[in-house]
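Labels A, B, C, D and E are assigned to the chains in the order they are written; within every chain, residues are numbered from 1.
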Amino acid sequence: MSLTVFALTGAALVGLGVYGLLALPHLLRRVIAFNLTGSGLFLFFGAAGARGGAVDPVPQALIITGIVVALSASALAVGLVVALARSSGKVVLPDEDPAP
Amino acid sequence: MNALLPFAVLIWPLLLGLVPAVPRWRPHALWILPLAPLPALGLALAGAPGAIFLPDLLLGVHLAAVPGGALYLGMTALVWAAAGVHAALTLPPGPKAGALTGFWCLTLAGNLGVFLAGDVVTFYLAFAAVSLAAWFLVVHERTKKALAAGKLYITLAILGEAALLIGLMIGAAAAEDLRVSSVRAALPDAPLGPFGIAALLVGFGIKAGMIPLHLWLPVAHPAAPVPGSAVLSGAIVKAGLIGMILFIPVASGWGSLLVVAGLIGAFAAALWGLTQQDPKAVLAYSTVSQMGLLLTLVGAGSSHVAFYALHHGLAKAAMFLCVGVVAAAATPRARLLTLTIAGIMALSVSGFPLSGGALAKLASKEGLSDPLVLALTLSSMTTTLVLGWFMLRLARHHATRGHRPVWPGLFAGAAFLAALALLVPWFLWERVTGLQGTYPLGQANILAGLWPVMLGLVAVAVLRARAMPSYPPGDLLALLEMLRARLILVQKAAPQSRRNFTIGHRRRILRILLRSRRADSFFQPWPHAGFLLTVVTLAFAISIWLPN
Amino acid sequence: MTSLVVLLTLPLVAALAVLALPERRREPLGLLTVAIGLVAALTLAASVWRSGPVLLTLGGWTPPLGIALRADGLAVALILMSALVMSAVALAARFEMRATRVGPRAAFGFWVLMALLWGALNAVYVSRDLFNLYVGIELLSLAAVALVALSGTAKALAAALRYMIFALVGSVLYLAGVVLTYAAHGVLDIGLLAARMPAESDALALGLMTAGLLAKTALFPFHVWLPTAHAAAPAPASALLSALVPKASFLILIRLWFEAMPDLASSAAVMMLAVLGSIAVIWGGVLALVQSRLKLIVAYSTVAQLGYLFLIFPLAGGGGSVQPWSAGAWTGAMFLALSHGLAKAAMFLAAGICIAAVGSDRLGDLRGLVRHLPMTVAALALAAITLAGLPPSGGFTAKYLLMTSALAAGQWPLALVLVGGGLLAAAYLYRPMAALFAREARIAPRPVPRIWQAVPLTLAASAILLGLFSATPFDLLQIGRPEPAEEGL
Amino acid sequence: MSLALDLALCALILGVSLAAVAGAGVFRAVIFFITYGLFVAIGWARLGAYDVALAEAAIGAGLTGVLLLTAQGRLRRVQADRTERPGAPLPAALAGGAVTLALAWAWFVLPVPEAPDVAQALPQSGAGNPVTAVLLNFRAWDTLLESIVLLAALLGVWMLARDADWDAPLGPRYHARPSGVLAYFGRVLPPIGLIFGVYLVWAGTETVGGAFQGGTVLAGVVLVAMMAQVLPPPRASKRLLRAALVLGPGVFLLSGLAAAALGGSFLSLSAALAKPAILIIEAALTVSIAVTLALLVIGPAEAPEPAP
Amino acid sequence: MSAALPVLILLTSLVPAGVTFFLAQDSHSLRNGLNLGGAILKLGLIGWMLFSVAGGASYEAILPLAPGLVMLLRVDALALLFISLSATLWFLTTIYAIAYFGTKAELSRFFGFFSLCVAATTGLALSGSLISFFIFFELLTLSTWPLVAHKQDKPSLSAARLYLVYALPGSAALLWAIIWLESATGPVLFTDPPDLSVLEPGALRAIFALFIIGVGVKAAIVPLHGWLPAAMAAPAPVSALLHAVAVVKAGAFGVVRIIYDVFGAANVVALGVGVPLAVLASATIIWGSLRALQQDEIKKRLAFSTVSQVSYIVLGAALASPLAMIGGLVHLIHQGLMKITLFFCAGIYDERAGVRTIAGLNGLGPRMPWTSACFSLGALGMIGLPPLAGFVSKFYLGLGGLDAGAPWVLGVLVASTLLNAAYFLPLLYRLWFLPAAEDATGDERAPALVGPAVVTALATLGVGLLAASPISPLGWATLIVTREYGP
């Protein structure tokens, strides 16, 4: 039952992340939303991996790898956001900027 | 060796025709003109022997003289030779003369070729040569008049060629063979036979000056130089005649058609000739008229067409030459002499008893139905009329320019032809007609020949006192001219809006294309794309899940 | 097997070496790497040709515990094509990515990122493990995004960011599919998945993975990131991005649909892929037609060309029942991927040369370049022939195979797309050709070394040769070809 | 009882994440995100995934948090336009809701599969911790690529430097007051962190922990030291720095290649040598990960801003 | 050897093409030597091949590309006919082109594509399968583009664009037709006619229409002819080659192949598609002539004349009667000879006298007698004047039309003859009869320009004069039809 709670929380987090990705034009907040999606997914995965009684180590390993990859991606994304802000003074993408 | 003769006869003028291509020989090129027809004359004198098949040439060339070929060939050769002399004496040497020489020879070869061709392709080739190359004889002077006449001539000649091609192809397709004899045999029963024959009639009719296809004759003759007119009227028109003889099956209704058209031509042209001022134009109408008679004979199946044609060719050529001779006559005596020759020829053509023309008429009346005989006799009257008119016009004809010193030579040529026209029929009489040599001396025959001519002469005397209406040569042409003017008007009125249409079209396409850029910017913002991504994800999931 | 290991590790080792070694060793090292890589690729291809797919169980652990790699004909063909493109790009980069031209930062970064990209590509080509593929395309995406941002302009940064968003979200979607798959089956190996008990959640898993990969492959309507990104990168980088990167995600799609879960392919889903592909072909073509910069035209052309690849889904095996040999669509699409890779790389490298000569890639500025850069123009022309699918080129062979299947299966609308797309390609590639061919030049060009010019020409010529001698690559692609490729989904 | 606890935890997680997404202000969003990371780490612990819990706490909450915070600070410094623009909430909500529903549906239809038998293979793996065994032995190729991914990200970040700044030291200049809290932490924390980090790596082979968790802790140490100006910011061209970056993946790759050269398969570890090999690889990886993560956070080379 | 010879023949143009591209602009002698050498070698090889084919040898080279995609080079009588023409005219045109361009710019590019174009034509002629036909067809399209655009000025470029605008959709149609057919019947080899019964008659008709659209663009069948007059912007040697042997002829050749080797004459008749095609060809013949009448530029007039004349070949093929087929095939050669003569001369007028318009021809005849004589021969041949080449074709076409029960063909032929006369004779008239303009210049002191024209003009005369000989084009065409497509 606990697992279901975690899994559904994970699903909700993914949805929340998707919402954030789509609804938030601020690029840094979009990175946050992306991380929420990722971690929600991992939570779902973790819950699924724990169903068979014993905890399956493979999902854990995969999740750890995933977290590191997500960090790498976030770092590059954040770097890009900062660089864009430095060169154009904007933290939104040009085509989403209503007042260019 | 004999077999090669027809081939040699054709090749010889062609080779001579190349002489002016060499610049150094060009100034004297005109002097080869009298030489070009000599082998043909030889062949004719020998009785036109020889037949040859050259399988590799064209689509397989058969050469042999047509029936009566010797007469045609001889006449043609003589006319061309005499005209050649005339040309060499009168025409100024120069590049124009070089071109004339070349095409003269080509025309000659064609003219001879139509009498020697044994297959339709060779015939067509020869016909094309005689018809198209003769254009150069018409336009030789390069005057506006000559060029206009040339235009009419070539237009009709090409139309004639085209018609001929249709007819010959229909015949050849039906015969599955190219020999003239097979084609002639196959034509009447061919699927498109009537159409083919009609086409041939048009093709040959144009050349032979058959009414109403004669338009070019009265226009071209006055425009051409004298020797050109001489060969045109004396020899070249006979190419159409031989075509009719070779291909038109006169036994069916086609013969009657020829008779009718021929008779209309014989009388109408002669009478219309009276409206002309230029002696050569008058002569041209006379030719149309005489050719009408010849066509009548062909249509009626007369066996002496060649005999009549022989005389007409020689006499008409002589008369045409006389026009040139008169123009070159420096003294009244010379003028008188020339007019005499011309007058004799006119009488001969009219059929004055005991003349060569009378013999030709007599021979051709053999075996004809009575009405036709009567028509022939009556035609003597109209011929006398028109030729009398010719003599009147000729008497007033004055030289504008000319090489007076050469007059004796010119006169000799014309007189030579005239003599032949008078004498050769006598010489050939028995051999050709099979009648007794004294037959033309019969009283009835003399009378029959005499009264129409006399009547005609009286009419001429009357005419002399009257002012005749004068029209430019070419009768029906005026009508055509009017039609053409109409057509041009219509053409000019056609709108020219197509170009604008395409440009507008292009711009519209461009605008649509550019709009695609704006449409694409809808997908550009991430929220749109992201939403679509979700939709696509679920769409895939559902579309996979539902069927499974 | 050795050559496979070499191909997997060599680029990574090279990247580390470039990172660690002093600057002057960079170029020789790079060239040595591509040379070895090319030899290894050839060796691997020979070995696959001789004795079938090469298997490699990493660490000796077989799936489901370990990760298996398998170099089948398709993988080897892509490896070989990538090695060729890499070699060409490395040669061109010797001229184009000099520190004196682009600055020490970009000159350094390009070589490392290029090596990383290559390593990622090779890893993805042979991997049979869904999660390993995820790591592979993440590596690929990060390297690619970094390459886009290489020039550092605001435009490039914005393009890179947009690319990044699509790439990241695509990865997350893919990862979600992987998670669901593992959660349902406990295996990640493609071969084992093919033999799984189907689960209801598989539909969602495949849907998620497909959508994620579509975003990464820039299929319509997710193409918007591609043109700006590819046009913003330096030309050699664009060559890599356009020619190779989308192929990796496409390959994963192929592996999923044809090898891992062919049983899931519903006709509606398959048709949806083809419809999106068809729209991409037309839409990309139309947009390419209205661009006024060479690199943008070439980039939009990539959008269109990638669209073709998706026709494979309904067409594979199509018409096989009518004519046994007309089931060539699968191979045809692969041919297209190969020849597009070669031609597109050639085009971008040629565009780079044009930019080096006149400092711009606006069509108006390119006028009259044919006189000064005949080899480059020839390269563009040959590449254009391939892209338009005109014979004798790899593109033609591909189109022929696809069209045969389409018509044999009665899918004539798709055949119409193939034909129409070819015409559109001819139309939009004509515009730069006409500009280059014009007589008057607007800008006096700087000289460009002939060796540099020879690079894109060689690539473009190899795309043509792919068509002229297509029998061998055709047979190579058949090695280890999945069953559904022949029988259809 | 535990269900109630889990429910409460999940409610917290959702609440905090909602605040991170929907709340006003970037800074607050970052803070909520860090909080969220900590709660999720607890959640992982509740699920019995301690390795993940550690990783989430260290990387997901800690390092990502620092990353976002620094970025937020930098955005403020470059005076970027910080006005929040409204998005399109309805389609976004639809999409998010649909995804949630789909995943929820999937949860209920997921079959329970037979997991790969890690336990059986564990003795040969050279690691007592099954997670470590998976990471460094069974799926070593993933991990190797992952370490390269980190490197690629770092390189990407480096490439974001302005050309003029390329030779400058990495990252922004920190100005810590020598007597401030940060400076104090900068002196105190590193030794503790160092020990903790090394422990995590060492223990990781047998129990909870591992190169990534340890490396992250060490990265934190390095970061704090740099922010406190205990460590001077390095230049990207520094050889030692480069060597440190390359060390982990290099050792990993070479050991894999060595195994292949010695007749095994690529990346194979013979059971006898597995444990020491894993330790060596982990150690090398830790160094590289620590340096890489730290450098990722401080960002590309940046010349000192001219004094305002 | 039997496989090598066709490939060798292909290489004699392909290799010079490939090498020429890389030659420096000023290595004139090497480039000229290469191209002429290739042309001579090719003539020699074809001669040898003719000899051995007469002795019963057969040649075939095969290169499988993919299943169903087979490159097959095969020599049959029809192919021999076409390559003999193309090789001979290539040789002459090369001489002409060398003289024409002298030391102008971009010659390596020009000659490269020129030879490539010839290689494509050769390949097209030797193609033994539909797909190899298509491949060379496309190669031809592409290699011609730079030739048309050679001058690189605005008119050339827009002409070149127009060319592709027509050609590429045409190829698309052709490809569609090929694949549609082959997807049902399997790969189509010309030796082995496909089994058409597997397709519905409706589908077959559609395929036939697509085929005709495909090759019809090249053959400039109305309304697909728009590109051809525009392509006159190209230099004279290109126009000569384009109109005489390469592009337009390839289209016509394609029609012959499609009707006789793909569908088979009997099927064409049974499907009822021959007559519509013949009508279309007839419309083209007339329309092209009418349009030619309205042109004031020599080359434009010649171009529309090509539109008209090439459809003779199409007409011959479409009538599906042996005689018409002979007419069509022989016109393939004859039209090539005549049209190349005309274009050679048009080029000489342009190059030596600066004359491009019809009005400019006034009085050029005496000044440039050789050129003008050749031009006249060509023009008269076009009109169909015996004993020139055009007459022979026309005669057979007419007979064929009657044979096929389509006597209206005669009307078309005659109308075309008249129209031909109408648009050619005024030219001759101007050449020879009108006085030259006062500032007129021009000479023909360029033997390498005039020589080829003289040769082709004499050939125009020769093939007509010796038509019945077994080694003439007519003899050959007859042989092809009776041996290969006979009942």
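The rule we apply is simple: contacts are C-beta pairs under 8 Å (C-beta built on N, C-alpha and C of every residue); 3 or more make two chains touch, one makes a residue touch a chain.
Small disclaimer: the values here were computed from a predicted structure and weren't measured.
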item	value
Contact-linked chain groups that survive once subunit D is dropped from view	one piece
Of B-D and B-E, whichever chain pair has more C-beta contact pairs	B-E
Remotest chain, subunit A as reference, centres from CA atoms	B
From subunit D, the most remote chain by mean C-alpha position	B
Chain closest to the middle [Cα centroid of all protein chains]	E
Mean-CA-position distance for subunit C and subunit B (Å)	77
Between subunit B and subunit A, distance of the C-alpha-averaged centres to the nearest whole Å	100
Length of the line joining the C-alpha centres of subunit A and subunit C, rounded to whole Å	28
Euclidean distance of C-alpha centroids - subunit D vs subunit E, Å	72
Residue numbers of subunit D (touch at least two other chains)	87-88, 91-92, 95, 98-99, 102-103, 110, 113-116, 118, 139, 142, 146, 149, 152-153, 156, 160
Set of subunit A residues in contact with two or more other chains	14, 18, 21-23, 25, 44, 48-49, 56, 58-59, 62, 65, 69, 72-73, 76, 80-81, 83, 93, 95-96
Subunit B, residues touching no fewer than two other chains	524, 526-527, 530-531, 534, 537-538, 541
All pairs of touching chains, each written as two labels joined by a dash	A-B, A-C, A-D, B-C, B-D, B-E, C-D, C-E
Of all residues in subunit B, those that touch subunit C in their complex	513-514, 516-517, 520, 523-524, 526, 529-530, 532-534, 536-548
Residues of subunit B defined as touching subunit D within the complex	527, 530-531, 534-535, 537-538, 541
Subunit A contact footprint on subunit C (complex, rising order)	131, 134-135, 138, 141-142, 145-146, 149, 152-154, 157-158, 160-162, 164-165, 168-169, 171-172, 175-176, 179, 182-183, 186
Residue ranges of subunit E touching subunit B (in the complex, touch as defined)	323, 366, 384-387, 392, 394-395, 398-399, 402-403, 407, 410-411, 413-414, 417-418, 421, 425, 432-433, 464-470, 472, 474
Residue ranges of subunit D in contact with subunit B within the complex	87-88, 91-92, 94-95, 98-99, 102
